[in-house]
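In the two assemblies presented below, chain A is common to both, partnered first by chain B and then by chain C.
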Partner chain A sequence: MTVPPPDALRARPRTASGTRGRTGPGRGERAVERRLAFWLLLPTLVALGLIVAYPVTRAVVRSVFDDPIRGDPDFVGFANYAEALWGFERVEFWNAFANTVLFTVVTVTIETLLGLAMALVMHRAFRGRGIVRVAVLLPWALPTAVSAVMWGWMLQPDGVVNALLGTDIVWGGSEWPAKWSIIFAEVWKTSPFVALLILAGLQTIPPHLYEAAAIDGASAWKRFTSITLPLVKPALVVAVLFRTLDALRMYDLPQILTGGANNTDTLSMLVVQAATSELRQGYGGALSTITFLFVFLCAFLLIRTIGANVFAGFGGEGGARR
Partner chain B sequence: MATSGPGPGPWARRLALVVAGAVFATSGCAGSLPGEDADAVVTFAVTRASGGDMGAIIGHFNEANPDARVRVVYLAAAADAQRNALVQDLQARTGRYDVLYTDAVWTAEFAARGWLEPLDRERFAGPGILPAAAATGTYGGELYAAPFATGTGMLYYRSDLIDDPPTTWAELIAACPLAEEHGMDCYAGQFARYEGLTVNATEAIASAGGRIIDEDGGVAVDSPEARAGLGFLVDGFEQGYIPRAALTYMEDEARLAFQRGDLLFMRNWAFAWPAMEEPGPESRVQGRFDAVPLPGHEGPGTGTLGGNNLALSAYSGNKAEALRFIEFVQSEAVQRRWMAETNTPTSWQANYEDEELMAAAPHLVPQRRALDAVQPRPVSPRYNDVTNAVQKHVHAALSGEKTVDEAVADLQEELEWAVRDT
Partner chain C sequence: MGNATGSTAAAGAPAPARRRGGTATARRRRAPMTWESWVIAGGILLLVLYCLAPFYWMFVSSLKGPGEITDNSLWPAAPTLVNYRGVFGGENHFGYAVRNSIIIAVATTGLAMVIAVSCGYALARLRFRGRNLVLGLVLASSMFPGVAIVTPLYQLFSDWGWIDQYQAMVVPNISFALPLAIFVLTTFFREMPWELEEAARVDGCGPVGAFSRVILPLAAPGVATTALLVFFAAWNEYLISSVVSITLASNPVTVALAKFAGDTEFQQPFGSQMAAGVVVTVPLIVLVLLFQRRIVRGLSAGGFR
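Here is the complex of A and B:
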């Protein structure tokens, strides 16, 4: 049996578009509002320009110069990019690239499923719900560096993880144990974030939809797939988008947990290593520009494919679209 | 089902308050240089992790030198963070830090970039100073940093189980069945992928007569000696005389394993001694261990040098005063006090003949002997590229991803690339 799209659902976008359709304010009034909007936004734009546009531009400009030990850098065109993409550093670069993609795909997938489950649990009314919410959110409240150090201790050869599993694995001693420990710690830490966003989405679903569906005899699974999932999708997409962009820039966790040993370098780790440790700002700038473009491309593709309705907002047009 | 109405519940509001509070708390901490001493003319940037009472030393100096008052800026404890702070100051040419507490391996990099003022060798590295320590302050034949704290690796061994400590690797390996009998592992050093791995690899390679980078700055790691040195460590993991867990060991992890009684031999710095002698349940080896210079391939081994020096920023506006302060910190009396306080080796030779001092810190006797056979870590203005490459390829060899031959060949190639413009 299919649950017919309830009236309330239809009503929402109608009100939203109704606002748009209504005869708006007069032209002069709108121009005044626009000007006001511009002046209100100006401080934000200036701040963004200073803290985003300027450093990004500087890094891009710096990336076409070389890194002499003494003297001024010379213009070298795209040599730094070539060095990373197919030059001497290509093995290191493509390994880091593959690791970054692997960590992102695996962690975001697990986090989304886990986060959804956590959110559904947190959303239910039961005794001790407050405690469950706090427990679930605690990992997210810990700074990543702290959780990395904590996992580092637990994953030591004589640590608690091996004791609990009854194993003798040296987690930092070979490639896949090291990669799994990073994935595990990352999922542990950031699933609560996904859960939080999805929980916010769940709370916007009007309870009477479920009541109506239950009266119509829809099973719990049917209610989940036909009401919960479509209505929570905008929140879910935002969560996936945020997490993907975040995971693509992963730095602190692998840096502290493995230091890049056992082929666990990520792109951001290479950037920091080149720019601040090896003082090669030109090459580091090229790496950061490549990373930036890659993250940007991923964001663009994600929004294009799954998140066309993200910017319509919660409960807006996107909420009802099937 | 859903109980919360529209808008944030009380729970969410509480969370928001906590977050807002945290934001205010952190933004309140953002401060400038601690300006306790407004009359100071010299600023000394030093790590917080040194262990000794730098504040008291500076107090003494300020009392005697009212015209050259020094104020101290404490940098992060971690060496990398400390280096970042210094590099930022030097790159910006602010001259905000006059005297820099530098790590032994930063000398070449800082000097080659023109960030350090050359020092008078007679005045700061005279005959009273250990030649090994002076070497860490030297780049291109010129002294750029006044030697202060120093130190090299030693072989710690369980004196209750071993009578004659090994002087060669073959002797060490021959003693390993004893470890097995007692349910212990045989040998460990610092083999996690970090700076300590470069230290251990340099020592192993030097102990077999090899070098990573030679005196002229050429890469020399693809040699039979380097293969033999690296081979000792790789064989250790393969044959089991080094436990696999050591792939994650830094200084403290190795020390903890030794003081738990899990290791027969350990390579570590002098700092480990007092910690392991400390009474209490933390250590099970008090009075049951000793240390000797490192063993080598076909004879005694070669340690590498750690330590900290005092350098003068090229952008300092008060060089004469700063030099007076460096001279004071480096003086025999201050170094003696520092040695007594921290139990760590310093660069003034005569202090090792001070019986009272040596009785209080007996581990400095073998440390002094070990300091006679040392080789610095690779000297290069691109030291960080070099050490990153060493760590990467050596760790790959130790964890079995690469053979010794592959690791040495790859390292040679990468190092040649890294130092191509030096």
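Here is the complex of A and C:
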């Protein structure tokens, strides 16, 4: 896999084993340790092998066979892939692809900006920290299914959102309102969570930096851009990375809120439709392979472009954050 | 609830380091409120409102009778429990769904934790070759989109007669829960002092003894936090369940709730949907109130989801 192992996770045990070096475990003990490690890791490897690697492999293999009405499937090479990308189904596929990318880019952008603003406010709040923390955790803890149903209710034509806005938009009735309602619901649920991740990063910034900058006469904006932003970047990057990967596989929310009506299908929804209601295992396998290759490509590009120190921030601060 | 106020008070007093760091600003702040602190206070108010208003609306709507449900009044003129009766009586049988979800989430949590604790301990504490490979595998599987396994699992489970069985949801849930649990636990295990384990070894414990007698009891809070995160994830799972659980008898709450919506296109039972939403949310609110500090810590350790 192209994903580099977390730097911090790699680096720390070295120091740790260095500490351990003091007592210097003997050769026999190290063998015991290795054997123990093998047995401790075995359940994880078996579980991931059976529940992730095997089904994924099966889907990839199945994707090069066709879907006959009756009888056994025949080998068809990349026909299923061609079907999705430029065959009869291409409009459906590229619409779902465009929707997935749109939802991801728009929600992650809004969530990051909103989350940063929320984190800055939470960082400064001295009183009521616990209440704020509970409030912020609740949208995260709520099942997406419940959130979707709840927003479905609030976005009714005569619902509370229209009442507050003084509009009478039929949110589920046409393409862009339907898309925006998905974006609203997603942003509502996840930006508080992004805020928590960013807050954890903010709390690692030593306050004396700000005091020194204030003494030097730096304006609030200057302090924000030259202290806060660079130092909170690792946390920000982690939040963006994981939110992007999550948004790319969005399924529950659009499925329940719009059911894919008005061109709101995502890639994940297409895969599930193909596999279940259409019973097209081969085509569904091709779609799922395309989807996860795309997700991995995005993960790879994100890690390459926004910095290899992503995981240093992710694992490294875990300890420092207390 | 008493507990909640207790932890809020505790949270009100930040860690010593922050307090020390904050004194300069705190002293300045004791003077009449500056414009800056007004902005912060306003921001906090907006933030809390933003997070809680939809919950409030769900709760209020659940108390409105059929005549009032579309009124958009901030409080029902005649609060009624008719929606709750609709949820648990009649054709909805939401009680089954709650029971199913509890069974599925508890089984997932139990199994995933046993596997993840051993893996997390090995990754955090033991020296062996291939450590980075295992980490990479776990990380990679955390990035897998759930749909990549839906198609083949649906087919496999149909062949095995697992459709509508609890294990058809528990087993795939473990694949989502494991990477999260392993990352959080590895972080927790690594933070524990080495000296204790060494002392145990000197006193004649082998690695196994040191693990089970010294490290595991010490790690209990971290393990509990991780279990809580896994429980949330399992309770909230929808994708796999919606595919492999077809009848009401095996639907978890997420699927059952979404199904209320799908039945009739024009007259959706919004009152009972909101009541069902409240029923699903209340246990989560209680858990969040009780464990908010732990959850935040666990989330920071895992860095995702």
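Here is the rule we use: the second predicted complex is superposed on the first by the 264 of 322 C-alpha atoms of A that agree within 3 Å, B and C clash if a C-alpha of one lies under 4 Å from a C-alpha of the other, contacts with A are read in each partner's own complex, and residues count from 1 in each chain.
Convention: contacts are C-beta pairs under 8 Å (C-beta built on N, C-alpha and C of every residue); 3 or more make two chains touch, one makes a residue touch a chain.
Just so you know, these numbers come straight off a predicted model, no measurement behind them.
> Could you tell me if A:S181 is touching chain B, chain C, both of them or neither one (first, second, both, neither)?
The answer is neither, since A:S181 touches no partner chain.
> Contact-wise, after the overlay, does A:I51 reach chain B, chain C, both or neither (first, second, both, neither)?
Touch partner of A:I51: chain C, not chain B.
> Answer with first, second, both or neither: which of chain B and chain C does A:A125 touch in the superposed model?
So A:A125 meets both chain B and chain C here.
> Under the stated touch criterion, which partner chain does A:Q273 make contact with: chain B (first), chain C (second), both, or neither?
First partner only, chain B.
> Just to be sure I read the superposition right, which of the two partners does A:G173 touch: chain B = first, chain C = second, or both, or neither?
first
> Please work out whether A:S226 is in contact with chain B alone, chain C alone, both, or neither, and reply first, second, both or neither.
A:S226 contacts neither chain B nor chain C.
> Give one of first, second, both or neither to describe whether A:D158 is in contact with chain B, with chain C, with both, or with none.
Touch partners of A:D158: chain B and chain C.
> With the two complexes superposed on chain A, say which partner A:R133 touches: chain B (first), chain C (second), both, or neither.
In the superposed model, A:R133 contacts both chain B and chain C.
> Quick check for you: in the superposed arrangement, does A:L248 touch first (chain B), second (chain C), both or neither?
So A:L248 only meets chain C here.
> Quick one: chain B or chain C, who's touching more of chain A?
Larger number of chain A residues touched: C.
> What part of chain A is shared between its chain B contacts and its chain C contacts?
124-125, 130, 133, 137, 156, 158, 203, 207, 259, 276
> Which stretch or stretches of chain A touch chain C in the complex?
Touching chain C from chain A are residues 1, 3-6, 9-10, 12-13, 16-17, 19-20, 23, 29-30, 32-34, 36-41, 43-45, 47-48, 51-52, 54-56, 58-59, 62, 117-118, 121-122, 124-139, 141-154, 156, 158-160, 163, 188, 192-193, 196-197, 200, 203, 206-208, 211, 238, 242, 245-246, 248-249, 251-252, 255-256, 259, 267-268, 271-272, 274-276, 281, 284-285, 288-289, 291-292, 295-296, 299, 314-315, 317-319, 321-322.
> Would you pull the chain A residues touching chain B in the complex into a rising list?
Per the stated touch rule, the residues are 68-70, 88, 123-125, 130, 133, 137, 156-158, 170-175, 202-205, 207, 210, 258-263, 273, 276-280.
> Provide the residue numbers of chain C that touch chain A in the complex, in ascending order.
Going by the criterion above, the answer is residues 4, 7-12, 14-15, 18, 21-22, 24-26, 29, 40-41, 43-44, 47-48, 50-52, 54-55, 57-58, 61, 70, 72, 114-116, 118-119, 121-129, 131-132, 134-141, 143-156, 171-172, 174-175, 178, 182, 186-187, 190-191, 194, 198, 201-202, 206-208, 211, 232, 235-236, 238-239, 242-243, 253-255, 257-258, 260-262, 268, 270, 273-274, 277, 280-281, 284-285, 287-289, 292-293, 295-297, 299-301, 303-305.
> For the complex, give me every residue of chain B touching chain A.
1-4, 6, 11, 15, 80, 84, 87, 109, 112-114, 192-194, 243-245, 247-248, 253, 381-382, 384-385, 388, 391-392, 395, 399-401, 417, 421-422
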